[in-house]
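See structure below.
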Amino acid sequence: MAHTETHEKTLADKILERTGVDVRECYQCGKCTAGCPMVQFMDLTPSQVMRLVQIGDREAVQTLLSSQTLWSCVGCLTCTQRCPKDLDPAAVMDALREIAYQEGLVPDAQRNVLKFHQAFLKTVEHTGRMSEVPLTALYKTLSRDFFSDVLLAPAMLLRGKLPLVPRVIGGRKEVRRIFKRCLDPERPDRADEETQEDRP
Amino acid sequence: MTTPIGYYPGCSLHGTGRELDQSIRALAEVAGVDLREIKDWNCCGATAAHSLNHDLAVALPYRTLALAEDQGLAEVLAPCAACFSRLKGTAVRLARDPKLAQKMTEITERPYRGTVRILSIIEFINRLLDAGLEAKLTHPLGGLKVAPYYGCLLARGEDIVDDDPEQPSGMERALVAAGCEVVPWNFAVECCGGGLSMSKTEAVLDLSDAILSDAEDAQADAIVTGCPMCHSNLDMRQRTINAAGRGPHDLPVVYLSEILGLAAGIEPERLGLDRHFVDAMRVAERMTERSA
Amino acid sequence: MARVGVFICHCGENIGRTVDCAAVAKAAEAFPGVVKSVDYKYMCSDPGQQMIKDAIRDERLTGVVVGACSPRMHEPTFRRAAFEAGLNPYLLEMANLREHCSWVHEDRPVATEKAIDLMRVMVEKVKKNAELRPIRVPVEPTALVIGGGIAGIQAALDIAGGGKKVILVERSPSLGGHMARLSETFPTLDCSQCILTPRMVEAANHPNITLMTYSEVTKVDGFIGNFEVTVRQKARYVDPEKCTGCGACFEKCPAKKIPSEFDAALGNRTAIYRPFPQAVPNKPVIDAEHCIMLTKGKCGICAKVCPTGAIKYDDKDREVIVKVGAIVVATGFELWDHSAYGEYGAGRLEDVINGFQFERLASASGPTTGEIRRPSDGRIAESVVFIQCCGSRDPKRGVPYCSKICCMYTAKHAILYRHKVHHGRAVVFYMDVRAGGKGYDEFVRRAIETEGAEYIRGRVSRIYRRKDGRLVVKGADTLAGRPVEIVADMVVLADAIVPQPGASRLAQMLGVSYDEYGFYSEAHPKLRPVETAKAGVFLAGACQAPKDIPESVAQASAAAAKVLGLFSQPELEREPIVAKVNEVTCVHCRACIQACPYGAIEDKEIKDSKGNLIRTVACVNEGECQGCGTCVAVCRSGSIDLDGFTDEEVLAEIAALE
Amino acid sequence: MTQTSTKPDAATGADAAAQPWSPRIVAFVCNWCTYAGADLAGTSRLQYAPNVRIIKLPCTGRIDPLFILKAFEQGADAVLVSGCHPGDCHYTAGNYHARRRWGLFRRLMEFTGIDAKRLFFSWVSAAEGQKFADLINAVTDEVRQAGPFDPTNPARKRPWT
Amino acid sequence: MDLAKLRQDAAALLADGRAGLVIGFRERAGACVPAFVTDADQADALVYDDTCIANLAAYLRKPEIRQRRPVALVARPHVMRSLILLKAEHQLQGDDVLVLAVGDDTYHGVLTLAEAERLLNETYADLATDAQVLAEIERLEQMSPEERARFWSEQFAKCTRCYACRAACPMCYCERCIVEKNVPQWISTAAAGHGNYAWNVIRAFHLAGRCIECGACEAACPQGIPLMLLNALLAREARDQFDARPGYDAEAEPVVGSWNKDDDEGFIR
């Protein structure tokens, strides 16, 4: 562990680039930690996350990207709202989560969060919108968490809150193309052919 | 009001948030507002896109904004607080960052000039009040004690929400007009656990329990919200919270639009009040008739 | 015709070693207008100076250039010599052949050539120089001190002790300021009023001090040595000559529920009141806003009970104009209003109080006679949370700076609390402890180590009131890396120190500059810390920056020393390097007025013989101008010039370098 | 000071080829910081290039853009302007005024054909004797690289023809 | 644009004495020239179109015109900015002038100076520099210093020192211009060489942060010197470096003559 170790580009620089937040401005007052509703589900407090980004050496990066915290943040913005330095810890969390996801560093314990997000996006990618039934089914398959919330389903059905037919929009191919371009900007745009069909 | 207001129900308003959809449409009808659903709108991407890919998190709302503009809609109501936050957040970022706007135009192959203004449920209802809805509230709720719950998305976000983030008051005018008594309480802007409802249920139970308890301590008869996500955590999961040994709670959680709908004399079923998990029909019982 | 004398100094070997002084003198002889040019071993020696004096007389010189050391060294010497020989001293210039030439170059021909250049430049300048006379400004040896807190009292006493007259103006009905409200003082825990009140009485009784309480400065004209200040004396409705301070009036006054300013709204006062028992002057005033007689026209009880007939319901505000030579500003500070923090209850939670309120609670003369009772229900607070940096170091919603004194007074509060409620819990949230000062860090350590205060490093995110009336404080312990939640009966916020409201208005009146928060700016942050950029106006205490009592007192004494220095001569002599406006060509665009760092340029109305306004132009006040020349460079029409560095002189210098 | 040849087109007269060209630099400095800094360089006996001629003003706030124009007009190869660091101004704000003026004026100079390499700005405090010496050396070097100020430049005075 | 309304307003102002003089434009030999209307029945001669570039605010410094205050002025947004700036520089009182406001094919009616300020900020808050001028500035910036020197050498060589640029500019209100100052004489008055350079450069610099880019100076130059290149360059720099928006705020401090602690000093060693 060496604070002085230099990198080609520090993590703080990367975060600055992605979010406009300069973590060097953080003076570790802890107000983000004090107000975070999810902090008891975190292994690193939000202020520790900020500190580790400041340190930015290999060990810090490793600790950060594999931490549970990134996947426990709900994005409620309490930290951002109250930060006296006008920083945006929530945005830092978002950026770190994205980096962790890209680098495949999601901790096992947080798989469910990831699976849920993936299931959600898969549903949207295919139909253009989110629908509870295919989403829940897909999530449960991906996460192998078959039993939680099962009790709610009949009651939801009863109240007309669980439409069984997924909603599909006309421009779903367009949405698929958007997905492809965002998720995989490097790959040649095969969706273009599909687009041709879309338009008479 | 003659100019139509665009309508972006968002995915959950067809499912878990059905009563929000129903009550919004019913209320708009009473107020004489032409709500026009955006044709072929798509999901805003919600927390999922935001968590995993920030291009996608902008591109999805961008397409909807572009559609709305193309369809000639200057203002769009997004009653779901999460959708509102995504759509307005995107609009703000696009206005501030021309490079991002250019990139999105390329990704979606749709132009967007930035002319669409997104309204939250609170802004929308205050708009209706400005336009004369107040006179049509013939069935005030007789001093129903309510705890207005703003959660995260209707209180925070500097460029998104136009209200005091710590002590918001956007719902108060409408609630008072509907004959409610607003109780002071502590958890109006605390988070309910939001988007981690399914994947971190444990946390949600804790947070929602605290919110319900504080509203009960403040002697509220009901919690009023504008967010389907908060609603499902506080209403749908209330039994689960009780089952987990907390509470027990028995507190109706209703949408702002439902309260206004009742005060306007709309039948509770038409507003979807019968669809709640925690009996909300008792709120309807507080309707009184004001002699015209 | 110019008759310039040139004198080249060898400075022993210092110049002569690398510069061929004789060659320079020879070359200078050929410059147009030079009638005498000599070199000599030590120009600054008596014989050297005599050479110059003789030449001035014998050759009837109109200008002298001495090529020697830096003018920062010997310009006063040579100018005095010139003066003694009958030449206006400002017709003598120096060329810096030593520091700027012989000492920094080794090549003799090159250094010599440069020396000739330097001489040419100065000869050309001196030919354009004008005779200048020192500016003499009479000084009115009376000082005005604005603010009757500890800094103002100290400054007034020191000036008065030095034998000069002082007018001490205080906005409230009594002297004392914030210090009078404090319970004990850190780090010695001596009683604040016990050490302050003797000073208050001394100031009131001092023959050289005129006290003007319940008064405000409304206008300041003039300049150093010659200010004219308008002071508004608010109507007291009580004749101070007749009043004996017996107190019958406020005991009987029926308007009793007015929040007391002195007790930070934790106690009440009557409409006719004295702010506190030791008030100076110890005579009540009527608060016209709340007096039943003055608002509704009936009551009159105080007049009935007054044994000396001192009550005057028809009293009026009065304006007094005073003439003073110097002003000491000691207007102090106020606490930042924490209602901006919605997450701390937006100022609506009764048991969330500020530091002054805690002082009043802890004070034996306070509303609870020194018991720590919470405002909401009067119960003894069993658990108190103290939060430092409330509004301080918060660039987003508060102020970015450190308020400096909060670490210390919070430690004091925690100690006082633990002394008074032995079983009570005192928790302090802090970000850093800044305790630089004599005995200060020891004091904080004492709070933690022997007085049982629990210090937690982290900020608090939220305070709310539970159903049972107690407060929930959600903070963080960043050292342990976890959130903490404390249930407390009372929370004391160490609100940031901010300038008095209206500080900027007073600054504008005085022509003193201030920072973005409203703290007054000192003339130089290191070397002139008690002066302002406005000549004759000095600073004392927390109006300049957050300060504790000893610092405020030290600065007050320093300001008094400056004032006494200024008053030591009947007239002020200033270097005549000042700007002058050409009133014929000035178009009054006011660029110079806006640019002047000293506010020394004013509008001047030019009128015809009948008094009709013809035009308005800019006008430099010689007493205030410091001679920087910034105005000259912003004047587009070239209508201002700076004596000593005129456009003509500078152009001549540039042209000499062709 | 031994550089001999200059660009042939820079020659202004017959003797130019014979006389080695050396940069002529005019410096406008404030009395309280940079002038004193130069004094300190002297008392410290720091050696530096002899090409600069200092004109002393009370403050950089006094420096009118006309001074700079005039210096170039008279044939200076470069102009240096130097004063107190921000916050150190003897007159509290003269250097701030000057800084803003230069920020605009140097753009205008560049745009009208006076190479930015001929116009130098610096802050030198009374304590920075070494900085002053280094500055003068650096400026002199850079101007020597840039060569003499083109006699056909529109800013420059030309002999009557 | 409602020219009829403009004429009607002008006539009414003169008829009921709210204005002692209306300055506008009339046609002469197919061109727009300034018109000075003192009688209500002459108001019908007023015209306005895009070719009316002269900045009529420049007339306000003339004593014979000042005598007739309040003066009503046909003003496009740039000219309104001149008026606001003149007020900021204490050359006008708020009630000295009325504005017959024209802009973007609209006639906005008769406005007080305060109303004109509001209109500017609401409707014409982003008057951009002419794109061609900007492009030409960028082209010149691409050149080497020598090429630029040559370019300006040729341009300034044309200057006859007629000072039409100065006369056309409302902000050149000095009664004794710096070029006419002879003790000392900073700027050579000979119409050649360095004097022309110094004159044109100092004229532009004296407008730094003050030029509202109306283009009247360049239009007035009989020699076709591209003066707006200099003005627009400084306007751009003042805007980019110091957020200058001259003529939008009658209370604003001058850009040259004020300062900010955080002003750029990247160029200072």
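Letters are used for the chains, namely A, B, C, D and E, taken in the order the chains are written, and counting of residues starts over at 1 for each.
Convention: a contact is a pair of C-beta atoms (placed from the backbone, for glycine too) under 8 Å apart; a residue touches a chain by one contact, two chains touch by 3 or more.
For clarity, every value in this text was computed on a predicted model and none was experimentally measured.
Both subunit A and subunit C are touched by B.
Taking subunit B out in thought, with all other chains where they are, everything left is connected by touch in one piece. Averaging the CA coordinates per chain and comparing them to the mean over all protein CA atoms picks out C as nearest.
Computed centre separation for the pair subunit A/subunit E is 55 angstrom, with centres defined by C-alpha atoms. Separating the CA-averaged centres of subunit A and subunit B is a span of 23 Å.
For the pair subunit B and subunit C, the distance between C-alpha centroids works out to 54 Å.
For subunit B, the set of residues that touch two or more other chains comprises 165-166. Touching of two or more other chains is recorded for residues 40, 78 of subunit A. Among all residues of subunit C, those that touch two or more other chains are 343, 595, 634, 647, 651.
A list of each chain pair in contact follows: A-B, A-C, B-C, C-D, C-E, D-E. In the complex of the two chains, the subunit C residues touching subunit B come out as 341-343, 346, 464-467, 472. By the touch rule above, subunit C contacts subunit A in their complex via residues 343, 389, 393-398, 431, 457-462, 474-478, 481-484.
Of all residues in subunit A, those touching subunit C in their complex are 27-36, 39-40, 44-45, 47-48, 78, 82-86.
Residue ranges on subunit E touching subunit C, taken from their complex, read 89-91, 173-178, 181, 183-184, 186, 206, 253-254, 256-258.
Contact residues of subunit A toward subunit B in the complex are 18, 37-38, 40-41, 72, 74-78, 80-81, 94-95, 97-98, 101, 112-118, 120-121, 124, 128-132, 136, 139, 143, 148-149, 151-152, 155-156, 159-163, 167, 169-171, 174-175, 178-179, 181-183, 185, 195.
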